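Below are structures written as structure tokens.
You will see chain A twice below: alongside chain B first, and alongside chain C after that.
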Partner chain A sequence: MFYREAGQFKTTYQADQAVFPILQDRVGLALILIGAFVLIPLVASDFFLSVVMIPLLILALASIGLNILTGYTGLLSLGTGGFMGVGAFACYKLTTLFPGVNIVIWILVSGFFSTALGILFGLPSLRIKGFYLTVATLAAQFFLDWSFIRIQWLTNYNTSGAIEVPTRTLFSFPVTGPNATPQFRYLVILAVVTLLTWFASNLVHGRIGRMWMAVRDMDLAAELIGIPLYRTKLLAFAISSYYCGVAGALMVFFWYGSAEPGVFNIDQSFTILFMVIIGGLGSLTGSFFGAALIYGLPIMMKAVLHGLGINILPATVEHLTFMTVGALIVLVLIVEPLGLARLWQITKQKLRVWPFPY
Partner chain B sequence: MRAPGGPEVAVGGVLLAVENVSLAFGGVKAVNDVSFDIRKGEIRAIIGPNGAGKTSMLNIINGFYQPQQGRITFKGEARSKMRPHDAAKGGIARTFQNVALFRGMTSLDNIMAGRTLRMNKNLFWQLLRFGPAMTEEVEHRHRVEEIIDFLKIQEIRRTPVGRLPYGLQKRVELGRALAMEPELLLLDEPMAGMNLEEKEDMSRFILDVNDHYGTTIVLIEHDMGVVMDLSDRVVVLDHGVKIADGTPDEVKGNQSVIDAYLGVAH
Partner chain C sequence: MRVKSSILGMALLATAATMGAPVPAAAQDSNYVPLFTYRTGPFSGSGIYIAEGMHDYLEMLNQRDGGIGGVKIAIEECETGYDTKKGLECYEAVKGKKPVVVNPWSTGITLPLIPRAAVDKVPVLSMAYGLSASAIGDTFPWIFNPPATYWDGMSMILSYIGTKEGGLDKLKGKTLGFIYLDAGYGKEPIPLLEQLAKDYGFTLKLYPVPATEMQNQSSQWLNVRRDKPDHMVMYGWGAMQPTAVKEAAKVNYPMDKFISIWWINEDDVGSAGPASKGLKSLNFHAVGDNFPAVQDIKKYVTDKNLTQTDKSHLGKVLYNRGVYNSMLIAEGIRNAQKLTGKKVITGEDMRRGLETLNVSEARLKEIGLAGFSGPVKLSCADHNGHFSTFMQEWDGTKWAKVSGDIKPMADKVSPLLTAAAKDYIDKNGNWPKRTEACDKAS
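And now, the complex of A and B:
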């Protein structure tokens, strides 16, 4: 009843080409942003911020990265974990080599190192397609994972082989390291994720997004209308890896605080891939939904089991989680292959005509 | 022989010439020593029984296949090798026998994608979707809306093409090709699988494209009525060999054409 576009006429193509042409969507987005930037830091507990919100935003950013490559351009990648690791280690090296430069700048710059490697491992995409390309990205994953463990220069020869995040400040407030408060960490992450999501949304709604989707849907026809396949695919690899790299750097610096090389293994790649599939291939909103579901479900299950006073071992909870997530993926693939994003669209469509059936 | 009513388009010089072109897949000669030309502003039909090499001929013209022998002159420039991407840049657009639309995108986005080559604002502006990038987007939306009006597909603008019926998909595909503002438009069986009414609509669009934009059209079609009514000149292929070339009337009376279609008593 309230979500309706009747009476909202567009008089210019500019208004009609907007990313959110419907007024209610714009209002909703504004409310979400105000809530995220003002309300949550004010009222949320430290626990909620560092255990729920921070991981969620970081994982959503990585999902957006993979979604650009897999959902929009149709190139299935299993190298996400590796590219995230590149960002994290690049950021670590940069901030220990040049401690004077602001950490947020290094976070954003470290993504470019992932971009370079993403392009390198994307080079085979001209010749090989489908599963074979996936195997090439798998090779990237294993190679990068191996490098993180074996090349000790990356961890500054730390004997434990892990990276310890040093304390860095922003406007003289510590935002990384042991002294950083969850509020500041959250705000920095939120700003970065909001900015990059806005960029991604702009890209996929414009010429470049259409080129990516054209390559995904019918590469022969895309070539025929003058879309250079190779450059379009490499651009997708480049931008996707940038997002993954920034997400990896944020993950280590603003969430884990320290990281062993093992966190960027193949499991990480699969987790992000599940988020993209469950959330919806080719949808930015879906990336957030997917991250929320896959990451949030175990936390919710634990909380619910605790709340019910059921006393079971943490290991059992973990097994239960694995089973539920697995079942959920199968269920989503059968019921709604386009993921939660499609369900969200259907809901909006229904709301539009509610309370009438059509 | 053109359908009565439409104004005649002045047919000019040679736009594209095919000279002694041969293409073989292993032992199969798909196209064998074929020569013909396409003049500016005409509707040129390529007909022939199944397996005659018609689609192979289109694929050669727009660079999907490289001919093993012979040469192709487009706009006075001879070429030996060309990629489909170069053909698109040179002004050759194409539709497919089996609709080759971007199924996940809306009709509007499909047609907008056809204008990719004419859009050039860089990544920086694309990230902001503001200023020059937005101006460009709006400017091209104007052109696309003209095509949408022309093809009368206003109401399916926002529909993902995967959900459209076949006839409309063909129309959107024509729209995408037109969005490229091509000089030469290759249509591979634009009316395959259509009913009479849809065929009439499509014929009208093809004639209008030719009249309105002055686009040169190469048409592969099995419906002889359509071919005879629409085209200015017809090439007939059979087993990769050209067996006739001329106006629809000349071709209709040609004995080898009749033999190719009906068979000969041995």
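And now, the complex of A and C:
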């Protein structure tokens, strides 16, 4: 009734090809952005900001990165954790070498180091496909993991082998380190994530995105219609790694505050991959949904159980959340194998004809 | 469709619940002590014992004495699964409830808390783990890591080997093998070992075990068989320890020459069966339940089913480690109460209490832990104490103490410590200077 485009006439091709052709979608997006930028920092507690929102945005950004590679280009990668680590360690090295430069600039620059390594490990992608490529990215993960532990130069020869985030300021307010308020950290992350999501959205809806999807759907056909396979695949690796790198740098600088190399192990890669699969392959919205389900759900379950006043031991809660999240993932995949993004799409379609579906 | 919409509905509801969920405030008439535990996950084999010991001792004080100084201890466990993410989540969850102290129980969780402690005014008690340099109280006024650092541990193992050989100078020409978890924790003693190898003229062989390969150490032990080190030292954790013991038995390495740092427990050694007899481990508190305080835990807590603890766990090495950790917390609270005259203390008070902590032999006897551990006395400058430990040997069924007190080599360790603390400050740029006043020991 409310969600339909009746009466919205498109008079230009540009308007017809817009990412959000329906007015209600644009209004909805604006509302979400206003909510995220204004409402949440004003009303949400410190706990909600630093435990739910900040991690969620960062993990969603990493999911977008992997989604570009796996969802849009169809190249399955298990090196996400490693690429995130490259971003984090690069940012650490840069900010300790040049402490005068603004940290947000270094966060954005550190992604390029990931890009370089992403391209390097993406090189075999023309010759090998499918599971074999997955194994090649697995090699990247193990190699990078190994480097973080072994190359002490990366941690500035820290005795505990970890990187510790120094305090940095933005507009003379501390934005990293112990004195940074969760509100400020959240806003900076939100700005970075919004900017990069907007960029990714333009990429995947444009020429490059179509090239990626053509390669994903059938690389031979794509090559025949004149898409340079090698360059397209490498570009996907490069941009995907860039996003992962920025996410990794954000993770250490704005969320953890310090990191042992073990943070970027294979488990991290799998977590992000699950987020992409559950959220929906080839969907940017899905990346946010996936991160919310995999990361947010256990926290929400704990809060709900706590809020209900049920007195059970924390270890039992942990077991319960493990089981429930596992069951939910299986359920979601059975009910909607295309992920939460597809579910969202169906809901929107149903809404369009509601309340008279005939 | 109905299923789908109900999933969506549930998600929305849960989001609303999380946003609105109020942080339950701790009661005003109690001291809130959150315990970060890991009863789940890959390290729960050790974590369960520690969690039980920590919880039961504090619960016993609540049941027997009505808390400390007439004020109950509000105990709350938070499950970390030894995972840094969840540990930080726990910290954010408990921060608002004004905890008097936090025990991260993982080096990965301790590190991010170190800079936050001074800002949030919550002292961190990282008992014999975490950042070794945080022993320097002038630099890290909010962090406490008694009773010994990993460097102290290594120097004590070395001096024990020295006494076995008949003097440290007898180490000349010998070979020492060091098998360690290839992470910050395991690598930490290497600079000290290299220094000592130079000073005493022994050869050092390193056998790193990557964290992902903890259960596959055959190549390392093949090298051990080839190199035939005269002594083996292990800094292991989790699944690495039982695997190492089994592999050592497989290559017939003499167990009495195999020494571990203090984290190995009965299950780890027992995994190799009778072959592991003779293995040694450093420890700083007694094992067994033959102490009035532990008996009180039995009487007031486990027998009344006020805990999940399996009764057979009482007195095991890591259970007692948990008890030791809680004893430090309890004594810290008591000391803070004495110092401030307040019953309900804050994190700031607790920091002062821990800094002037003085658990003497007499005091240990008073709390029913005579002979359980050595006395613990901290100061503003020294948040660690660098106390003596002793060597225990596995006799096939239990640990038996086989040495007197072994002192750490302060002359070798303290330069490293000072250098590490200075290094930490340098890297962190504007690390705050200590502004907290130093109390006189009460």
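The definition used in the following text is that the second predicted complex is superposed on the first by the 357 of 358 C-alpha atoms of A that agree within 3 Å, B and C clash if a C-alpha of one lies under 4 Å from a C-alpha of the other, contacts with A are read in each partner's own complex, and residues count from 1 in each chain.
Criterion: contacts are C-beta pairs under 8 Å (C-beta built on N, C-alpha and C of every residue); 3 or more make two chains touch, one makes a residue touch a chain.
From a predicted model like this one, the values you see are computed outputs, not experimental measurements.
J.: More residues of chain A in touch with chain C or with chain B?
T.: Touching more residues of chain A than the other partner does is C.
J.: What is the contact status of A:Y256 with respect to chain B (first) and chain C (second): first, second, both, or neither?
T.: The answer is second: A:Y256 touches chain C but not chain B.
J.: In the overlaid three-chain picture, which partner chain does A:L203 touch, first (chain B) or second (chain C), both, or neither?
T.: first
J.: Name the contact category of A:A214: first (chain B only), second (chain C only), both, or neither.
T.: The answer is first: A:A214 touches chain B but not chain C.
J.: In the overlaid three-chain picture, which partner chain does A:M301 touch, first (chain B) or second (chain C), both, or neither?
T.: Second partner only, chain C.
J.: Pick one for A:I149: touches chain B only (first), chain C only (second), both, or neither.
T.: After superposition on chain A, A:I149 lies in contact with chain C alone.
J.: Determine, under the contact definition given at the top, whether A:H319 touches first (chain B), second (chain C), both, or neither.
T.: Touch partner of A:H319: chain C, not chain B.
J.: Can A:D46 be said to touch chain B (first), chain C (second), both, or neither?
T.: It touches chain C, and chain B stays clear.
J.: Where does A:A162 make contact in the superposed view: on chain B (first), on chain C (second), on both, or on neither?
T.: Second partner only.
J.: Which residues of chain B touch chain A in their complex?
T.: 62, 64, 83-85, 87-89, 93-94, 96, 100-105, 109, 112-114, 116-117, 119, 121, 123, 126-129, 133-134, 136-138, 141-142, 145, 176-177, 180
J.: For chain A, which residues count as touching chain B in their complex?
T.: Per the stated touch rule, the residues are 12-14, 16-17, 19, 199, 202-203, 205-208, 210-211, 213-214, 216-218, 220-229, 235, 282.
J.: Which positions of chain A touch chain C when the two form their complex?
T.: Answer in residue numbers: 43-48, 50-52, 55, 96, 99, 145-146, 149, 156-162, 164, 166-167, 177-179, 255-263, 265-266, 292-293, 296-297, 299-301, 303-304, 306-307, 313-315, 317-319, 322, 328, 331-332, 335-336, 343, 346-347, 350.
J.: Show me the residue ranges of chain C that touch chain A in the complex, using the header's touch definition.
T.: Those residues of chain C that touch chain A are 1, 3-5, 7-8, 11, 14-15, 17-19, 21, 23-24, 37, 39-40, 51, 77-79, 81, 84-85, 88-89, 92-93, 95-96, 107-108, 111-112, 114-116, 118-120, 131-133, 182-185, 187-188, 191, 210-212, 308, 420, 423-424, 427-430.
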